[in-house]
Amino acid sequence: MLKMTSDEVVSFLADEFPQIDDLGLRVERLEKGRARVRMPFQNRHLRPGGTISGPSLCALVDVTMYLLILARLGPVALAVTTNLNINFLRRPAPKPVVAEARLLKLGRRLAVGEVAVFSEGEDEMVAHATLTYSIPPTETGEPQTGSTDYRDTAL
Amino acid sequence: MLKMTSDEVVSFLADEFPQIDDLGLRVERLEKGRARVRMPFQNRHLRPGGTISGPSLCALVDVTMYLLILARLGPVALAVTTNLNINFLRRPAPKPVVAEARLLKLGRRLAVGEVAVFSEGEDEMVAHATLTYSIPPTETGEPQTGSTDYRDTAL
Amino acid sequence: MLKMTSDEVVSFLADEFPQIDDLGLRVERLEKGRARVRMPFQNRHLRPGGTISGPSLCALVDVTMYLLILARLGPVALAVTTNLNINFLRRPAPKPVVAEARLLKLGRRLAVGEVAVFSEGEDEMVAHATLTYSIPPTETGEPQTGSTDYRDTAL
Amino acid sequence: MLKMTSDEVVSFLADEFPQIDDLGLRVERLEKGRARVRMPFQNRHLRPGGTISGPSLCALVDVTMYLLILARLGPVALAVTTNLNINFLRRPAPKPVVAEARLLKLGRRLAVGEVAVFSEGEDEMVAHATLTYSIPPTETGEPQTGSTDYRDTAL
């Protein structure tokens, strides 16, 4: 079950991460274990050769996975990225890109997911990332995702 | 031996990567196997909690390693990042950060390096990244770094 | 199209990698862009707590992706692993594990794929890896996968 | 400060990880933030072309970092590898290899380190890995490395 709707997540992120506006990100889908976010093509993301820069793709995959975790845990949780591994596979076309994120694990202390990035309307993957987030303990000392909750969850 | 000076690298990058100006990056050191680049503290890099965002650190480590490779191969080479793996270790202080890059390998087809990021004037590492770049073949079909050049080089 | 059948791949690997026998690996599926390999549960792979060791899982994911590339390129190609990134997600049960590999890119110089590992008969992922291989040039100087071949291929 | 001597670590590991004997590993150095472990050259680690297999190097880097964490936290802590990222840089010579590990962070919940692997007596790096370990909470609910301990420690 999600603790926040897509609109709530977007509104929360817009307040907290002004950079998201810079990237023009749009949440296209947000479900229990998956999220899709679209990044428009903008000249300022480019690197030589006219392709989208790696750091712009890093920002896209990080935000996409972050909002998926946020929707699951609710806004009390400020999960922190601890590891990002990204493979740049193909030169993106000069068009929008779409990130498809999937949670691989949502444990009590760590969340791990993968994100595939495509040029809009195309089948071949532009980039693939795996990310790990540390989930802070709550103030009561209780983890935010109990083992019961976790076992009930088919990600 | 470097094929470009620090000034030449900076000038080349400024023309080609307008985003570098956005980040306010400054090359502090550029030697055969090492580079140091400083990123000032700016509000627009922040994420909730007042810390520097992961994607800003991704941009910093990518640029730092890129210019080290560029200085070695010269401006004809547009190396392409193929893999970036970054561990975020500690919350950066609200101050500038400094990236220290080191080449681990400069082969004919791949270059691999590591980058450590510190808050300016502090000892503990804020982030650590390893990056791989694909080096394109030259038009003549000759690799840009011959095996002789490579064996002569103590990185 | 595959250049080797499952049997040919297994026979080639058995000759070249005696360690594969040690692990008791069995190829369960081998298609154009996917492979599945099963590793039996053996006491010698264990680490404290009775779980399968990380290095055994590393060997499993490396072999699974390697044979997928081998089947595509044929036995002339000795692709070399250049990067392995693996996330250990859950403690594997004391039972066989199954690795499901998928090619993300088969370029002329680099191949990239991902491998998901499950305890046999279970849904939750035990480990997830991404791997990169360098594909050597052929003696004629011709890449083993031409751009035509590559574009024709829906992975 | 270390909670275990090199001999105690080796004895603990020999009991718990029979695979270590298989690899013939020898701890050459064990200090607060660094460890060096040597792996002899053995035919059974080889892969085609006569070079040491990737999984053997994975086992080496994992054990080297694990014993460094073990020495710091003491034998009560069974840290678990959560992420391993390794770059294979050069074909190892047919001789022993030496792994040099360095802790980058020892937090209350996560430890991160890097390991460089060299052929014995040579300067060029054969492989470079970064690893993350999850540190389990103690039964009392107290973290095994308090924030005081951590701040006192220059890694």
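All chains are identified by letter, namely A, B, C and D, in their written order; residue positions are counted from 1 within each chain.
Here is the rule we go by: a contact is a pair of C-beta atoms (placed from the backbone, for glycine too) under 8 Å apart; a residue touches a chain by one contact, two chains touch by 3 or more.
These numbers were taken from a predicted model, which means no experiment stands behind them.
More C-beta pairs in contact connect the chains of A-C than those of the other pair, out of A-C and A-D. With every chain reduced to the mean of its CA atoms, the largest distance from subunit B is reached by C.
Where subunit B touches subunit C, over half of the residue numbers in use are shared by the two copies, so each contributes mostly the same positions. Annotation: 25 Å between the Cα-based centres of subunit A and subunit B. The geometric centre of subunit A is 31 Å away from that of subunit D, both derived from CA atoms. Averaged C-alpha coordinates put the centre of subunit A at 27 Å from the centre of subunit C.
Looking at subunit D, residues 82-83, 85, 87, 132 sit in touch with two or more other chains. Within the complex, the subunit A residues that touch subunit D are 82-83, 85, 109-110, 132, 134, 141. Residues 85, 87, 89-90, 104-105, 112, 114, 123-125, 128, 130, 132, 154-155 of subunit B are the ones touching subunit D in the complex. If you check the complex, the residues on subunit C that touch subunit D are 16-19, 22, 44-45, 47-49, 53-56, 58-59, 62, 78, 80-88, 91.
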